[in-house]
Every structure is written in structure tokens, then in C-alpha cells.
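Below you'll find the structures, each written out as C-alpha cells.
Same chain, two partners: chain A is paired with chain B first, then with chain C.
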Partner chain A sequence: MPTSLASRARLFKEYKDVQREKSADTDILLTCDENNIYRWTAHIKGPAETPYQEGIFQLSINVPEQYPLVPPQVRFLTKVFHPNVHFKTGEICLDILKTAWSPAWTLQSVCRAIIALMAHPEADSPLNCDCGNLLRSGDLRGYQSMARMYTRLAASPNVSH
Partner chain B sequence: MPTKRILCKYFKQGACFKGDGCEFSHDWRDPDCNVCTYYQSGNCAYGSSCRYEHVKLKRPESVTPARTSTVAAHTNFGTVGATSGALSRSSGGNSEAWQNNLSSADIAWQEHSPFASYNGGWQEAVSYASADEGWPLPSSSFQIRNEVEDTPKYNDPSEEPICALAATGRCTRGESCPYLHGDRCSLCGKECLHPHRPEERDEHRRQCERNQKRLEALRFSQDIECSICLDRVLSKPTNAERKFGLLSGCDHPFCISCIRDWRSTSQPQGSGSDAIVRLCPVCRVLSYYVIPSVIWYSNVEEKQEIIDGYKARVRDIDCKHFDFGNGRCQFGTSCFYKHAFRDGTTEEVKLRHLGAADGNTVIAKDVRLSEFLGRLNLRR
Partner chain C sequence: MTGNLEVFQPRLERAYVQAFLLDDNHDNVRDHRRRRRSSRKSNVEDATACHDAFRRAFGTRLAVTYENETRLAGCVLYYLLTTGSGLQTLGEEYCDIAQVAGSSRLPLAPARRTVLVFFQTVLPYIAERLSAKAASSNGYLSSDTSEDLGHSERASGANSMRHTEGEVSQQSAGQVNDSVVDRNRDPTSPCSQRLQSLWTAALQRWPRVLPGLRDAFLFAVRGNLMLFYFEGVYYQLSKRVAGVRYIHMGKLFYKKPKYHMLGMFLLIQLSIVGGDWLRRTALPNLADSMRAQAMDQNFTVGQKGILVLDEEGNQLLDSSELGKGASENMASNGSSKCSLCLSPRQSPTATPCGHVFCWNCIIDWCNEKTECPLCRSPMLQSDLVCMYNADV
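Right, the complex of A and B next:
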């Protein structure tokens, strides 16, 4: 089977699963572009007891044709202050989206991994150096207030993107 | 539907996906039809190498009164009547009409019957093959007897043939059948166990148990999904894709094509990332090899059986990388395929252990003289 067909079939399956289990996971809302099954958007809720709490973050997901043999390209559309997210481009530094990708991951589980990353920032491989330095120097309060501010500014549900 | 009584040949191979909607039978107890239909119309291009049986099913133009005896009635009318039930039983029946009514079900039945010589005779003291092989008797072994009322006598009870109609399904004559009815097999429900042939009984039981087990495993395998394409493995469109890839290290199911594709992807980042494709995508356990299988296993023994069976099959195939000693196989001593030279001798590998500078032992790679000679610039 050519890879484009295989990826299409797999994405279609994921689409159906997402439709079926919509109510099961209220933290993630995955929507597929109406005209292109390779383009998806996700809205994820900021994890509780983190500075991202109560924020809704929008992710753009670009699925390559070789999917699921290669990982999807995911980035934040919503501004987020996090050591592993590029402040300008929204690029995410997450091993499973790069070298540790496995074809058993789905778009849904990728979103779940991103939520976990938000709750557990990894200051030693920062894409946002300022944020990483705050954490590495032990200024947890500084990091939290910055992150909370940007969550209020950019990710509050009543703010239009 | 007459074909409902014939075992579906795709089902037999474990590959019929019509399920209950199939027009052929999905019951192992039903006989299969192995008669070449092209041979019937006289133009099978495969000739003697045809995989189907070349047996003429033509009947005589009319049935002579001498042959409409009890036995003839059993062979011709009995067979047809038992299977289609729609055919006339009158002895003067029009043979043309028969032939037109002769559905494939009837052909299968008659094929399975040792008495199915349409000359109206029966076969004399034939040594039977096992019932599972569908009575592969060439028509030349049938002998026409004139004294048809004579029931042959057998000195040794094990020589007496059992009624083939009963053995393959049902004999309409029941108690009044002049032939010996076999004991009923508890697994397939057919009266095919010869009372006086113990080896044949054991063989049949073994075969039946194998069939039953395989069918059970196949049914169980139908619902198993591949973790890569998220499809059911046995519902893939082509036959080649409907196979599982068993990982040596763990028990997660994949399509053979999906897991092979994944393991052959090269990761962009260099060091150590080759190894990640050899880990199970689900549990990240290292597996050194993938084994194709049409059925999924339910316990460790079955998995080992599948792996051993595969290795045994593949061991007889010459390795294309080794190429009779001309090539080089990267798998070396762990290759599953045969490493033999043209003269039939197998490759003997002596691993050379070398002490490395750091005190560890390394295994020296195979070094060939030709590699040095090829680089030499010979001065003339």
C-alpha cells in the first residue's frame, strides 16, 4: 500500500475514534480540517495546579504523508511561556515528536503528552532560554508568574485568537 | 442452496471474509470439492499438473436395467438423492436431466464416494486413503462387476471398506446400508472412524484436533488490531497484508507490513537512533526479529510453535545475501536462511575473539583474503 493511502486510512480511523470518544477526554478537542485530513487543530486545556490552569491552548498539527512512520509536526498557535516551547514560533521540544517517536502514538496521545509536558517543564533542554534560565536559577515564582500572565493574556477562553 | 454443503475453499485456507454471507459452507464437517471444472468441459490448460482433480463425472447415456440393482441404486440414485433431494429417483430417469441438475454439490459428493463410479459398478477391495484426503481414487481402479448383488466378503475385517457416504456426511440408507458404517468421530461428527483400523482412527482424530484448534485460533485472531495502522490485521485488502508480525521480545500485535515498514525506516538523527525502530512501538522492548504468521497466538507455547515452524521452513531456503558464498549476509550466524555453498556444504563460522586494548573481548568481523587482494596494486 502506498504510504499516502496508509496514512489516510489511519487518519480516518483516528478521526472516527475522536468523534466517538469526544466526551471521554474533555481536556482535548481535536478537529480536522474539512478539506484536508492531513491538517488538524487541537484545543487543549492547561493542566490544573500549573500556571497554565484555566487556559485554552490552540495547537496546529501538520501530518506528513509518511505518518505514522514519521511523527506529526505540532506547534502552539497560542502564545505560551514554557521552557520547551519556542516563544515566537510555538515549536515544541518533545522527544516523542522527534527521535523517540513511535507509530503506536496517535494524535490524541500526542496531545496528552503535550499536556504532560506543560505540567512538567524540562528546563535543561530549553527552546525558550529566558524561561529555562528562570527555572534553572531556581526562580520558580518568577517562572510561574510569567507563565500565568501569558496564560491570562493569550490563552483565556474569552480572548479571541 | 446446494453449494452451502460444500466446504468453502477460501475458508479452508483461513482466508474467507464473506463470513456468514458466504454461499459455501464454513463448517469443517462438510466435504470440499476438488474437481477441476475445466477438465469437465474438456479443456484444462494445466493438464497433468493441474492442482484440481481430473476425474470425469460423465454418466452413461442411459441406465441399463441390469445396473439398476440395489447397489447401483445406492451409488447413483442414493448419492444424488442424498445430496440434492430434488432429483428423480425413478430407475428409468432421464440421464440428461440428471446431468443438468447435477449441481456442484453432487459432484463433490460423488467425488468423495468410493462407489462413485458412474458405470454403475463398485470398487473391489480398495485400500483406502484416509477419509481426509477425500478418497483420491483414480477411476481406473474401479472395476465393473456384473454380479452386482454379490456383497464382497473380506477375510480380515480391517480390509472391509466403510460406507463413504456416511464417512463424508450422511448416508440416507441408515441401518439398511449394506456397507459398514464407521464410528462417529466426536469432533467432526462424521461416521468415518474405521472400527478395525486403529492407526487410521488415531490419524483422523489428530487431524480433526488440528483443524479444530486452527479454526479456533483463526476465529480468535480476527478481532486483533495492529497498533500501527489501527486496522484489524485479518481484514486488510490483500492477502499478503493479512499476516501478523510477531515480535520476539513482546506480545504486541502488528501487521507484518506495518511493523516491517517501521523497522526499516531510518531515523534522521544519527547516534543510537537506529535502535529505536527495533523496539516495540508500544512497549519499547527490543526485538531482534519479526516472524510472519497468519494466526495470532494465545499463549507462550503457541508463540514458540509459530516461531519454530517459521524458522524450520526458512532454514531450507538459500539466503539471497549469502548467495552460495559469493555474497555476504549481514546477519551472519543469526541468519534464519540457509548458508550453503554450491556443493552443498554449509558455511562453518568460527568466531574469532580478539582481546581489545581496554581489556574487553571483541568478535572479529569476517575478513576475506579477496578484500586485500582487490586493493593490491601489483607491480609488473
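Right, the complex of A and C next:
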């Protein structure tokens, strides 16, 4: 099992790095399942000056044993209205999590990429067709109010706790 | 001998005349001068004329041995009888110019004349002798210096050799015609011993200083030439040092030519040479000291890193763990960390784009996808180079 050994070693390194740099990046809180190093959870802050601002979004991260040769599977647990996120399953359409994966990415940097995706929605490859259509028809206001509403409903710390 | 003096038109002065002043417009004096000039011989013949006389007087053997000295004697005599006694040399006469003090423009005082003659004749000779001797005795010295130089029968042969050389350079001070070499001086007299040890010490140091000195001298000569092209006052370095310049006494029949272009070219050349020299000598020292400083800083940073780890980690209290943490910290400080396993690189392997990973990490990724994990440039597994011999 050389690959699982390698992935364990690497995930352990990432864990230590996360512990060390916890205070450096306050937008991302990465936690590892105490019994399974392949299961991670991330809480990310919605980027400022977007409809997701002030929301806290929960991500589930499943790391395959072949990691880092193959990308981790990341999906939103929190409901989010975004053209590149499946509204029901939380699946994320992001190239680096699919074909453009590189082992130089870490879980931390993947979370950063997802935050960037939230700030820069890509309407041309929608997983959420309604959202994509709103953006493509130029109804920025409609998209923003929908996204803000779902952020209030699902991602607001006051509501969820 | 005085009959031969006419052929001792010094070469540099002639160059000066040709470069700056010689012109066919000196109508009234031309024929007269031409006659004289045609009686002069070529450079090579000039050099051998006095030598020739010496050979006839003292035989070929001695003449060959003291070739340089006879030439020097000829030059000294020539300059003493012309410049030294306040007369014009042939070249100066030919061009109607006279030497005056650079500042006051008055005829030269005897002291200044002597200095000038010394600079023009004896000094170059001494410099040449010294450098030639240093070059030839270099090998001999390196084999001999481990011995105590004060005593030795073994070195007596060498001693007498050095002795003769010392005398030769004494002779260069002007008594060349006295060709009787005193070889019977007692080599063990304390005075000569001290002289010898001083001489040897100077010789030992000389070869190291010599190249730089020679370069500096050539540089000065060229610099002087450049200045001459700009201001047109001192053609020879010796004249500049002695503060002796020429003035034209006759009528000027033509416009004084300008040589600023030549001066510019020389200036460019000199600045390139000087810059190169600076880069080779001064900058490496600077870089060394800067590197040393950087090393110091790195060291303190590394120590800080260890301290931080110490405070932070409860798990790191174990001493072996602490060491591990420190080494990891160092790895992250430098670039020796593999970005695939996030650990110090094992068997560092370079991609064609120049990124370095562990051999195992990059080979595994290569089976997945043939592009660099960091920059995505395409690569083949056969392109990977494990850097066995590199210190990375």
C-alpha cells in the first residue's frame, strides 16, 4: 500500500501545517475527522462584497487514498446559490478539482480556490441552471438577491446555531 | 660617441612629432631638416648604433651581456647633453619647439631637467630589469625559500648570481661604461648579507605585486595618452610627472589639429578596462562580505524558528521530535521541500522546466499526467533527471 502510505504522510503534513498556520488564514477553518484522516471538514467565510458576505459555508472533503495524485472530493454541505455549485448535492464545478488537478494543491489552497470561485462565478459552465441563466441574461440584481437570501437562510451563523 | 648621438632620436618623441606637429608646411626649414632627417636611421638601427660602438670597443661577448645597459647609457648621454644642458633635442629643433615648465612656461630649471631625464631613461630601465628578474628568479626562489637564507654553502652559487644582478642594477644608475665587474667582493660580509635578505624578500613579494603593478602602469600610460588627446599638453607620462611641456617657438603655418575623437575612443576603452577590473577585484570582495552577512542572518532566523516551535508544540517537547521539527523548519526556510509530499526532497529530481521534486513523487505523478505539477509545462518521464551530484 505505498500510495495510501504516501497520502497518509502527506495529509499528516498538511494537518501540521494547518495547525501551525491556523491564525494566519481566518477565512478558512480546516478540521480533520479524529478517527479518519481521509475525512475533513472546512468552514469558509463568504468573500466580502459578494452576496455570500457574512455567511459561513461548510464543505465536506473526502480524500481518496491516491491523494495527491487524484483530487479530493469537495462539496458544499451548506446550501448555496451559485452557478457552479449544484443546488441539491452541493457538488462544485471547478477545473482544479477535476481535469486541471495538480498534486501541488493542498486542501488549504483548494479551499482558497473555492472562495475565489464564489467571488467570480462562471456562468458558462453552470451546475445551477437557474442561477446561470440569471447571470447570462444580465440580471445581476436578481442573482445577487437570490444568493443573498440563501446566504441569510442557510449560511448565517445565527440561524444555523 | 657624440657622432652617434644623432641617431638617438628617441622613439616616443618621434611619435609625438609625427602625431602632432610634423607637417610639410615648414617651408623655410624643410630642406635643411630633410637633409638631417635622411641621415637618420631606422628605429632598429638607432638602437644598435651605440651598441655597435660598444661592441667594437669591448668585444662581442660583453656587448651582448650589456646590450640594454649600453642603450641606456646612450640615452642618458643624449638627454643629458640636450635636455639636461638646456638645449633642444633634434626632434624639438626640427619642429621649432622647446620644453618649458608646465606651470610658469619658463625654461626648465636644472633640477626639473634632471628629474625629466631620470624619468625618461633610468626609471623605465630599472622597472624592466626588476620585472624581468622577478620573472626569471621566481622558480628558483620557490625552491630555495624554505631554507634559511642567511647561511649556506649550498646557495653560494646562487648567491654570486644574485650578487651580479645587484651590481647590474647599481650600474643602471649610470656607470654602465665601467664594465669591470667586481666579483671578488666577500659574499659573507654582514652588510651585503642584509642587503641580500632584503633583496630576496622584495623578490618574493614582487611576483605577486608585479602583474597588478604592470597593469596599473599601462593603465596610467593610456590614461595619459587620453588626456593628451584632449588637452594636447603632455604626450609622455614622464613629462606630465615632471611638469614639462612643449611650446612652439616658430610661426604656426597650419591649424592645430584636434584629436578629441581619439581621446574619446581611449576614454571608452579605459572605462571598460577599469570597470572590468573593478568587477574582478572589488566586487567579489563585496559579494563575499554580503554573503557572509546573509549567512549570519539565515542562522539567526533558523534559531528563531526553533524557538517558535519550542513554545508552540506540546508534542514537540520530546528532544528527538524537537530535532525533527527544526530540520523541517529549515527545509521550509530553504527551497529544499518537495511540493508533492511537503517533506524534504528524497533523491531530488528535476523536470525540464526546472522544478525539483522527490524522485518517487514526480514519477508517480508522471504516470498520472505528463505535466509539471507546478507550472503545467509538458514533460515526459524520460525527461526527468535525478540530480545525484547536485547539492540541493
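What we mean here is this: the second predicted complex is superposed on the first by the 159 of 161 C-alpha atoms of A that agree within 3 Å, B and C clash if a C-alpha of one lies under 4 Å from a C-alpha of the other, contacts with A are read in each partner's own complex, and residues count from 1 in each chain.
Just so it is clear, a contact is a pair of C-beta atoms (placed from the backbone, for glycine too) under 8 Å apart; a residue touches a chain by one contact, two chains touch by 3 or more.
Treat the numbers as computed from the prediction; the structure is a model and nothing was measured.
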Clash or fit (per the criteria above) of chain B with chain C on chain A: clash
First (chain B), second (chain C), both or neither touched by A:20: second
Chain B versus chain C as contact partner of A:9, first or second or both or neither: both
Touching partner for A:116 - first (chain B), second (chain C), both, neither: neither
Contacts of A:149 with chain B and chain C, given as first, second, both or neither: neither
Touching partner for A:140 - first (chain B), second (chain C), both, neither: neither
Contacts of A:98 with chain B and chain C, given as first, second, both or neither: first
Partner, of chain C and chain B, that touches more residues belonging to chain A: B
Which of chain B and chain C A:129 touches, first, second, both or neither: neither
Contacts of A:68 with chain B and chain C, given as first, second, both or neither: both
Of the stretches 109-117, 181-189 or 271-279 belonging to chain B, the one that collides with chain C: 271-279
Overlapping contact positions on chain A, where the chain C interface meets the chain B interface: 6, 9-10, 13-14, 17, 68-70, 102-104, 106
Chain C residues touching chain A - in the complex, by the definition given at the top: 312, 339-343, 360-361, 364-365, 368, 371, 373-374, 376
Residue ranges of chain B in contact with chain A within the complex: 227-231, 237, 241, 252, 257-258, 261-262, 265, 267, 269, 273, 276, 279, 281-282, 284
Chain A to chain C touching residues, read off their complex: 3, 6, 9-10, 13-14, 17, 20, 68-70, 102-104, 106
Touch list for chain A against partner chain B, complex: 1, 6, 9-10, 13-14, 17, 66, 68-70, 98-100, 102-106
